[in-house]
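Next come two complexes, and both contain chain A; in the first it sits with chain B, in the second with chain C.
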Partner chain A sequence: MSATGWLGYQWNVNIVGRTFLRVQRWQVEQRVGGPARWKSEYLTPPLTISPRAKELVARHWLEARYANLHRKVAWVTSGAPVELLKALDFFVIYPENHAAICGTARVAVEISSEAEDAGYSRDICSYARTDFGSMLSGKTPVGKLPKPDLLLACTNICQTVLFWYRVLARHFNVPLILIDTPFVYYDEAPEYAVQFVKRQLEEAIPTLERVAGRSLDERKLREVGRLSRMASQLWMEVMERNDHRPAPITAFDQFTQMAPIVEMRGDAATVDLYAAMLKEVDERIARGIGAVKNERKRLLWDNLPIWYRLRYLAEFLGEHGIAIVASTYTNAWGELATMIDPEQPFESMARTYTYPILNRGTGHKLATMKRMIEAYHLDGVILHSDRSCKPYSIGQMDQRDRLIRDCSVPALLLEADHNDSRCYSEEQVANRLAAFVEMLR
Partner chain B sequence: MTRDERRMTVSRGVCALGIDVGSTTVKIVAVDAGGDLAWHFLEQADPRVEDQVARLLDRARKETSQTSEVWDVPLVATGYGRKLVRQAGRQVTEITCHARGVYRELAHGGTLVDIGGQDSKVIGISPKGDVVDFSMNDKCAAGTGRFLENTASRMGVPLDRMGQVALAASDEVSISSTCTVFAESEVISLIAHGVAVESILRGLHRSLIRRIVAMIRTVGLVPPLMLSGGVVQNQAIPRMLEQETGEKVVLPSYPQLMGAYGAALIALEMRV
Partner chain C sequence: MLSGIPHRTETIRAYKDRGGLVAAVLPIHYPRALLRAFDILPVEVWGPPKVEASYGAAHLQPYVCSIVRNALSFLQTGGLDGVDVIVVPHACDSLQGLGSILIDFIRPRQPVIPLYLPRGRRESDTAFFADEFRSMYRRLEEVTHCSPTNSELMESIRREEATDKLLAQLHQRSSCLALTQMEFYRLVRAREYLTAETFSELAQVALSQTIEAPKNGTPILLSGIVPEPMSVFESIAEMGGLVVADDLACCGRRLYPPGESEDAFYHMAESILHAPPDPTRGTPIQERRDYLLRLIAASGARGVAFYDVKFCEPELYDLPDLRIELQEAGIPSVGIEVDLNDPLSHQALTRIEAFLEMIA
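Let's turn to the complex of A and B:
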C-alpha cells in the first residue's frame, strides 16, 4: 500500500465519508424519532436503532469503495468461512448482499440485463446475473465495487456459486479458493465429511496468506470466532423474541436488519449493534408494542425475500393484521451460532459451514418449519417459490402439503423471484395473497 | 342461455347485491333477505369498468323496481376488476365468493373447480363451508377459458359449439404446448397437416382438463367435485373432467353466477 493510497483512504473514508454518514444518520433519527412523520397506520415505526444499522452498512460500502487503496479485498459467498479472511485482515465483499441492495434499489433488472446482453441466460440465479452485470458494466447503487484480490466460494448454499465464482476468477484473473461442503443427507454429517471440509480450510491457508501478505495469527482467528459467535447468538436472540405476542419485529424488519450478520460477521461493531437491537426489542416487549399494530395472525416466511416488493408485502399484510413473525432465511444466520467454537476454530468452522439449511435435505427444512410453527405460535405459512433459488425452492410443494396435513395450518405457495421483478406478476400475487388473507379470517 | 333467460322476475325485495367483474364477462346478482337469488344480469366485460359498473347498478335498481330514492343496498365486488368498483362496501376475492355461492346452493363441502376466462382455481371447501386450501393457474392463461377461446377462433368454430364438436370427434390429437400462444401455432400447423378440426378441438380440451387436474392434485381431491365459471357452458368440460378424475361432477344451477352470488351473500351479512 502506498502512502498516497493510505492518505486517500483516510481522507475519503474516515474524514469526509464518516462525517457525512453521521449527519445522514442524525437526520434519519430525527425522522424515525418523530411518530407524527410515520405514515403507516398499520405498522409501528421502525426500531430507533435502524438509522444506526443503516449507517453501519453504509460505512461498509463506503469503505468498500476505497478498499483497494488500503487493504486486500476478498469476494465471498454468503456461507463462506469468513472468520479466516477477517483474521487475515481482508476486506470482505459479499456479491449476494450487493445484489440484494440492487434488488431493493430496483436496479437489479437493469444491471442483470447487462449480463444477459453478454450471453448469460435468464435461467441463471438473478443474484449471479446482477453480479455479472455489475462486474461487466461497473453499474452499482453503492458507488463503486472494489476489485477482488481473492475469491472464496463455499458450496453450502448452492452449486451455482461453483460456476459463478469461476466466471469471476476468469474475469478478474485472481486466485479462487473453493470449499466443497458435502451435502448432509441425514440428521448428522458423517465425521469424514467434516474432516474433509476441515482439511480444505487448512489447505487454503498458504494461498490466503500469500495474497494477504501476512501470516495467520491464531489468536486473532480465535477473537474473530468469538465475535462471530456472539453476533450470531445475539441475532438469534433478537429473532427468538418474536415468540412474544404481539411480535416486536416482523420478518420484513429482519430482512432489512440482517446485512451486518451476513457481511460483517466477526466485527465488534456488529456485536454492539445486535446487543443494542436486543435491548430495544425487549423494551418493545415490556411495553407491549408489536411491529404490526393490530396483530391478528402470525405467519412463517420460507425462502429468500422478494427484495423489490418488501414494503408492499409488509404494508398489505400489516393492513390485515398479519405479522410475518419468523423466516427460515433469517433464521439460517443464527441457528448455527452455538456450533462456532473459538477454541477449536478449524474443527468448528468445518462443522458450522457444513450444516446450513440449504446443505441439508428437504426433510430437515420441513422439520425446521414445523418447529418454528410451534415455537412462534404461527397460524400459517407463505412459501416463496423463488425462481432463482432452486435449492431453496425444491420440495416446497410437498413441504406445503405436509405442513397443511401435519400442522393443520394453511400454507400458500407464492411464485416470484428474489431479485428479478420480471418474474413477479403483480396482480396474480395480490390475488393469491388476498385470498389467503380471507382464508385466515 | 339467452340474454332474456339471464334475467329473472323479482319476486321478493332485494336486500343485497354482488358484482363479479371478470376478464370476459361482468355478472351482477341480487339476493333477498333469505339469501335466495332474486335477480341477475350478465354481459360482456367492457374495458371501461367504472362506466359499465355504474350502468349495471342503475339497471339493477330499475329492474328490481327499487322505488326508494336512497339506494342503500349493500354491495360486494369480486373478480379481477373488483378494486375498480368504488360503490362496493367491500372487495372480496373470487376464491371466497365462489366458495360461498356454491356452498350456499349445494349445501356441502368438497372440491370446487372454477374455470374462468383468464384464471382458473381449485378450491377446497370444508364441510362447514370454509375455504381450507386453493390453487390458481400459473402466471399464464394455460388452463383457462382464454386458452380454448384463442385456439378455437383459429379454427372458425363458434365458442358455443366448441364442446359439442369436441365431443363428437372420433379421435383426438395430442397438443403438447400448454402455452396459449404456442398452442395456437401448434393448431395452425396441425390444420396445415390436414388433421380434422374435431380431433384438434378434442385435444385442446384434453390439454386444458389435464392442467386443471394437476391443480386439483395440488389441493387434493375431496369429493364431491363441483364446477363453476363461464367455461362450464361448454359441455365437453364437465364430461372430460369426469373422465380424467373418475369423479362425478356436480354443477350448481347458475355456474357462471356463483362468484357474484357469493359476493351478494357476503353483502347480505354486512347488512345484518
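Let's turn to the complex of A and C:
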C-alpha cells in the first residue's frame, strides 16, 4: 500500500468516518432510547444495542468504500468458508448482503432495472440482478463498493451463485475460486463428498496466498475459527432465548441483526456484539418484556425475509398479537456452530460448509421445522415462497402439507420475492395474512 | 431420407421383453455405460412436452421450469410406470429440488438415484465424480443383484464410446447427410432412448447416405437446452433457415470424448467432464464464447439463436455476456424463450423470421 493510500484510508475511515458514525449512533440511541419516542403501538422498541449493531455494519461498509486503498478485497457468497480469507487478511464483501441492504433501502428495483436493461432476465435471482445493476451502474446505498481482487463462490446455498460469480469473474477479470459442496440428499453426506470439499479448500490456498501476497498463518486461521465459532454460538443462544414466552425478540429483529454473523464472522467485534446482545435479551426475559407487546400466538418463518416489507409485516402481525419467534433462515447461521473446530480447521470447515440447511434435502428442512415448532412452542408457520430462491422454496408445498398433517399447526404459503417488490402484492399478502390470523384464533 | 427409427415405447417394451430393466433418466449428464453394464436401458426424460402440468403444480411452484414440472407430472400420471429405476442427475437447483422431493415426499415405487455433477474440471472433480459413480454402482447392485466386473464395465464403456464417436461424426457431417434438419435431430435425439447398438446401426446408415449439393438455407447455430417443440426445425426450414450446428444440452453439449483411465469409474468421469462447454458443469463464459466461435467458424453459421426454456437459470445468466461477445465478433444473435407446454408462439416465429432475414 502506498503512503498516500494509507493516509487516505486513515483520514476517511478512522478519523472522519468513525467519528461521524459515532455521532450518528448517539443520535439513533436518543431516538430509540425511550418508549416515549417509539411510535409502534404493538411492538416493543428495538434492543438498545441495535444502534451499536448498526454502527458496526455501517463501519464495515465504510471500510469497504476505501478498502482497495490498503487491502486485498474478496467478494464471497454468504455460505463461503470465510475463515480462510480472514486469516489471509482479505477484506471480505458479501454481494448478497449488499443486495439485501438495497432491498431494505427500497432501491433494489431501481438498481435491478440497470441489469435488466443490460439483458439480464427478471427470472434470475433478484439479489444477483441487484448486484449486477450496481456493478454496471455504480449505484449503491453504501457509497461505493470496492473492486474485488478475488471471488470465492461456494455452492452450499445454491447453484445460482456459480452462474452469478462467473458473470462477476468475466466483468472484473479476477480469479474465481469455486468450492463445490455436493448436495446432501440423505441424512449424512458420503465421506468422499466431505473429503472432496476438504481437498478443494486445501487446493485453494496457493491462489489465495498469491492474491493476498502473504502466506497462510495457521495460528491465525485457528484464531479466526475460534472467533467464528464463538460468534455463531452466541448468535444461536440469542435465537434460542426465544423459547421464552413472551419472546424477547422477533425473527424480524433477527433479520436486521444478522448482518454481522454473515459478513463479520471471525471478527472479535462480532463476538463482543452478540455477547452484549445476549445479555440484553436475558435482561428482557428477566423483566418479562416481549418483542410483541401482547404476544398471543407464535410463528415460524421459513425462507429469506421480504426485505422491503419487514416493518409492515412485523406491525401487521404484531397488531394481532402474533410474534414470529423463529426462522429457518437466521437459524442457519447458528445451528452449525458446534461443528467448527479451530484445531482441525480444514476438516471441520469441510463438514460445516457441506451441511447448511440449503445444501440438504427437503426432508431435512421439514425435520428442522418440526424441531423448531417443538422447541419454540409455535402455533403455526409462514413459508415464504420466494420466487428468487428455488433451492429454498422447492419442497415447501409438501412441507406445508406435512406440517399441517403431522404437527397439527396451520401453515401458510406466502408468494413473494426477497428483493424484488414487483413480485409482491400488498393487497394479496394482507388478505392471506388476515385469513391466516383468523385460523390461528 | 432415414426411416425406421424405433419409437420410444416399442424400444422400452422390446428391452424389457428380453429381460432387461429400464431407467428413466432426467437431464443432463449421466454414465450411460454404467447403466448398460447392469443391463439397464437409460431412457431420458426431457419434460416431456405437453403433459398435464397440473400434477406437477401440486408440488412445484410456477417459477420452476417446465422441464422439471412436466417430468414430475409425467411421473404422476403414470408415464414412468414401466421403468424400474429413476436417475436424477444434478444439473441445476430445480432438478436438485425435484430429486429431493422425490426421495423425501413423493417416494415413487421405483428407487430414485440422485447423482451430483461437480462444477469444475479439476483433478479433484474427476476423483469425486468417479466416487459418485461407485456409489451409483452400489445402488444399482441393490436394484439388480448383479455386480459387473471392471472388464465388463470397460466393455460397456467402449461400446458407448464407439457410439458417441458416430454421434460426433453425424454432427460434423450434418451438412452433407441426406437428412432434413428435422430428420437429423430426430435421429440424434433417438440417442436419448435407443441402445448404443441400435443407434449405431442407424447412424452408420445415415453416414453412408450423403449428398453432393450443399443444403440451402441461411445457416444458424442453435443454442439452449432442448429444441422443443421439434417442429421448430420445420419452421426454421420454411423460413429459409438451416441449423448447421448446435450447442444444445440434449445434443451438441453431450459429444463426450473418450476417457483415458483404466479405472472404469474414473474413465467415465473423465469423459463427461471433458465434454463441450456447458454452464451446468460450470464452464466459464469466456470458454463458452470461444467454443461457440469455433463452432460458428467450422459450420459457417451466420448467427446464433439462443432457444431457452423459461426460468432456466443456467442459460439465462450467461446470455447477456455471450450475446455481447458474439456481437463484438460480428455474429448476430437472437433470444427466444419457450415453455414446453406451449406451441411455438407467433411472436417467437416472427422473431426467428426477422432474425433470418437480417442475417441472410
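By our rule, the second predicted complex is superposed on the first by the 441 of 441 C-alpha atoms of A that agree within 3 Å, B and C clash if a C-alpha of one lies under 4 Å from a C-alpha of the other, contacts with A are read in each partner's own complex, and residues count from 1 in each chain.
To be clear about the criterion, contacts are C-beta pairs under 8 Å (C-beta built on N, C-alpha and C of every residue); 3 or more make two chains touch, one makes a residue touch a chain.
Note that this is a predicted model, so its numbers are computed, not measured.
Superposition of the two structures on chain A leaves chain B and chain C fitting side by side, clash-free.
Looking at the shared chain after the overlay, A:Leu162 reaches chain C, while chain B stays out of its contact range. Contact with chain C, but none with chain B, is seen for A:Phe196 once the two complexes are overlaid on the shared chain. Judged by the touch definition given at the top, the superposed model places A:Pro345 against neither chain B nor chain C. Of the two partner chains placed by the overlay, only chain B lies in contact with A:Pro410; chain C stays clear of it.
In the superposition on chain A, A:Ala434 contacts chain B only, with no contact to chain C. In the superposition on chain A, A:Met397 makes contact with both chain B and chain C. A count of residues in chain A touched by chain B and by chain C gives the higher number to C.
Applying the stated contact rule after C-alpha superposition, one finds that A:Ser425 touches chain B and leaves chain C untouched. With both structures placed on the common chain, the touch criterion links A:Pro248 to neither chain B nor chain C. With the two structures overlaid on their shared chain A, chain B and chain C come no closer than 7 Å at the level of C-alpha atoms. On chain A, the surface patch touched by chain B in one complex and by chain C in the other comprises residues 397, 415. On chain A, the positions that touch chain B within their shared complex are 397, 401, 404, 410, 415, 425, 427-428, 431-432, 434-435, 438-439.
Against chain A, in their complex, chain B makes its touches with residues 80, 92-96, 119, 130-134, 136, 138-139, 218, 220. Taken together, the chain A residues at the contact with chain C in this complex read 118-121, 123-125, 128, 155, 158-160, 162-164, 166-167, 169-170, 176, 178, 180, 182-183, 185-186, 190, 192-193, 196, 199-200, 203, 361-363, 366, 385, 387, 390-391, 393-398, 402, 415. Taken together, the chain C residues at the contact with chain A in this complex read 58-61, 63-64, 90, 92-94, 96-101, 103-106, 114, 116, 118-120, 122, 124-125, 127-128, 131-132, 135, 279, 282, 284-286, 310-311, 313-314, 316-321, 323-324.
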